[in-house]
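Chains: A, B, C and D, in written order; residue numbering restarts at 1 for each.
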Amino acid sequence: MTPDEAGAVLAAEAARFAGFGWMRGTSGNLSLVLSRDPLRLAVTASGRDKGSLAPTDVVVVDRDGAAVDPGAGRPSAEAAFHARVVERSGAGAVVHVHTVASVAAAARHPDGIELEGLEMLKGIGRAADGDVVRVPVIANSQDMGELGDRFDAAWEPATPAVVIAGHGLYAWGADAMQARHHTEIVEWLLELVAGA
Amino acid sequence: MTPDEAGAVLAAEAARFAGFGWMRGTSGNLSLVLSRDPLRLAVTASGRDKGSLAPTDVVVVDRDGAAVDPGAGRPSAEAAFHARVVERSGAGAVVHVHTVASVAAAARHPDGIELEGLEMLKGIGRAADGDVVRVPVIANSQDMGELGDRFDAAWEPATPAVVIAGHGLYAWGADAMQARHHTEIVEWLLELVAGA
Amino acid sequence: MTPDEAGAVLAAEAARFAGFGWMRGTSGNLSLVLSRDPLRLAVTASGRDKGSLAPTDVVVVDRDGAAVDPGAGRPSAEAAFHARVVERSGAGAVVHVHTVASVAAAARHPDGIELEGLEMLKGIGRAADGDVVRVPVIANSQDMGELGDRFDAAWEPATPAVVIAGHGLYAWGADAMQARHHTEIVEWLLELVAGA
Amino acid sequence: MTPDEAGAVLAAEAARFAGFGWMRGTSGNLSLVLSRDPLRLAVTASGRDKGSLAPTDVVVVDRDGAAVDPGAGRPSAEAAFHARVVERSGAGAVVHVHTVASVAAAARHPDGIELEGLEMLKGIGRAADGDVVRVPVIANSQDMGELGDRFDAAWEPATPAVVIAGHGLYAWGADAMQARHHTEIVEWLLELVAGA
């Protein structure tokens, strides 16, 4: 996949999430893995309206989140966290959105959000019954190394999502479509928790 | 009606419900009766994004939910429950959506949701006044036979809907349009109950 | 205005309100005054999906809500209540929608919803300050004469709306656009009340 | 920028906000600075549906909110407040919307809404951590001079927004795009506060 092809996919996914109200302002960012060795990620460029990205509004970054070709715009500082998620989880696509429900749910459950007995859990590869699913919640940080270490310490290999308290939701999958579905499902679960 | 004609109707209905946020991830499934003797149901294929189904994204199943022509994709395990609903109720179309309100309402009212004195009840064929309407709530199961038996035990012939706790809403009608309207009305009632 | 011209306006307004989720199922109905002496109202036909009405999906009724030309479909029973609202208020257009917030607000305030100190009240012709606005709430009835009598007893000449408990919201204005705006504003106020 | 060019931008922004349900009825108004010395503002005309403004639906006003060319329609009384915001803040664009969350949040926090420890605050130029952000809340008034004085007394130079109690939200930025993003972010924050 070329960066422009990745950019076209990410622009369409971002427009969808912006339409849901999950990327207000210029918040959130999405990424796709272009190659794994060396790791190259196409990440949406920072500071753009996520409802109207162009295919060229991506930056290719390495495993440290640094722009490989800095001509194409400034990567989000969070690109480094995307790279960390990809390296740890093996995901091919990562979605980061700022939803009110994720922040509200994390404020109530700062040590992690436990879910059980919900059919929707099957949509993230878990069982609807008898399977206690923990969506990790980690404290926010502006230091991506620190945030990455918190992720390493808290992540659950069988849960393709993490909530950053006071910040928002990360979810991932093998490709953009699975990352979208995991995002939608975890957000659904968080809305249920936040409204309860 | 051919399977493709049914698939075109179901794709349009699914896109509508996905637009409402009622089919997050790849959740939910819809069906139309093609024939009654022997029973043949067109059911949306499993694992697809419900906002962008093609008319060919259906599987024809028999009364046990087994694919009659297995070439066209994997039927949802829930196809067997659709068949059960159709046989029991005589419905021509069944809608199954995963709404936050249905799960929230069932968590509060695990023995069934009682409604009375609401004009909206006329939309499911009941009276707005002096008619205690019970939307049955049944426990979830991954065994469609068990789930079907719970439905048989709990269903109310005059209520074209059932809520599966921790799971979502089933509603049905004589055709796709009536099933849509019953779904919209029962979801409206559940939103009222969940927000009260 | 011909009935078809009225039907085209009402179809567009109904599609808008259906898009807001305020006409779930086939609920609600809209009307426009065609003439006042004798009173002739174009009312949306009963039992149709309000998101996809055709301009011909109207029935012309008299002051009793009876179809003048019964060939064009069955008028809603509520056509008689539309006529009553028009005669009493002098309105040129009436909107009736089924919103969750209107039913929730009326359940909490069965004797009427009092509002004061809200800028939004200017949108229904009232003052933002020092003006106690009462949105009447009347008990529901299937007898349009009885419902009309309750409206007569409860209506506030300076408030272009009434809530029917367990049922929904009526709002009106000089023309379709003003009726739309009054509906949107009263619904906004009811959402504020219902969420408080 | 000509008034018509400004009008085209404002019409598109207004249609977006109306689509979010933030400009119900004909509520709210938007403005763009055309020149600073003398101050000339293009402000959306009063009394129009904000979902379907034409580029000509603007009025050019001076620093007192008076129409420079009164032929083009009546400016909103609030045009004077827009001018005040622009003079005080140096903004190039001002958005005023009527959201339920802004009124609900102000009712709970009449002395100002304090926010801290939220990543979303970076979107209005503040820090996500260790930065106590106060969104001022001022009492409503129909006297724009009085309202402007309250704004002068309460405004926080580092917060590009103010909530008017019982009324709605003002937010601003260097241009229409930044004003949009500030509006979206502050509304997101107010939804979090209102739902907590």
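Observations on the model:
The definition used in the following text is that a contact is a pair of C-beta atoms (placed from the backbone, for glycine too) under 8 Å apart; a residue touches a chain by one contact, two chains touch by 3 or more.
This structure is a prediction, so every number in the text was calculated from the model and none was measured.
A rotation of 90 degrees, rounded to a multiple of 5, brings the CA atoms of chain B into register with those of chain C.
Rounded to whole angstrom, the centroid-to-centroid distance between chain C and chain D, based on C-alpha atoms, equals 31 Å.
One inter-chain figure worth recording: chain B and chain D are separated by 44 Å, centre to centre, where each centre is the mean of the chain's CA atoms. Within chain C, contacts with two or more other chains are made by no residue at all. If the chains shown are joined wherever they touch, the resulting network closes on itself as one ring, and no chain has more or fewer than two partners. Every pair of chains meeting the contact definition is listed here: A-B, A-D, B-C, C-D. Across the interface of their complex, chain C is touched by residues 21, 24-27, 49, 98, 100, 103-104, 107, 140-142, 164, 166-168, 194 of chain D. Residues 20, 117-120, 123, 128-129, 177, 180-182, 184-185, 187-188, 191-192, 195-196 of chain D are the ones that touch chain A when the two sit in their complex.
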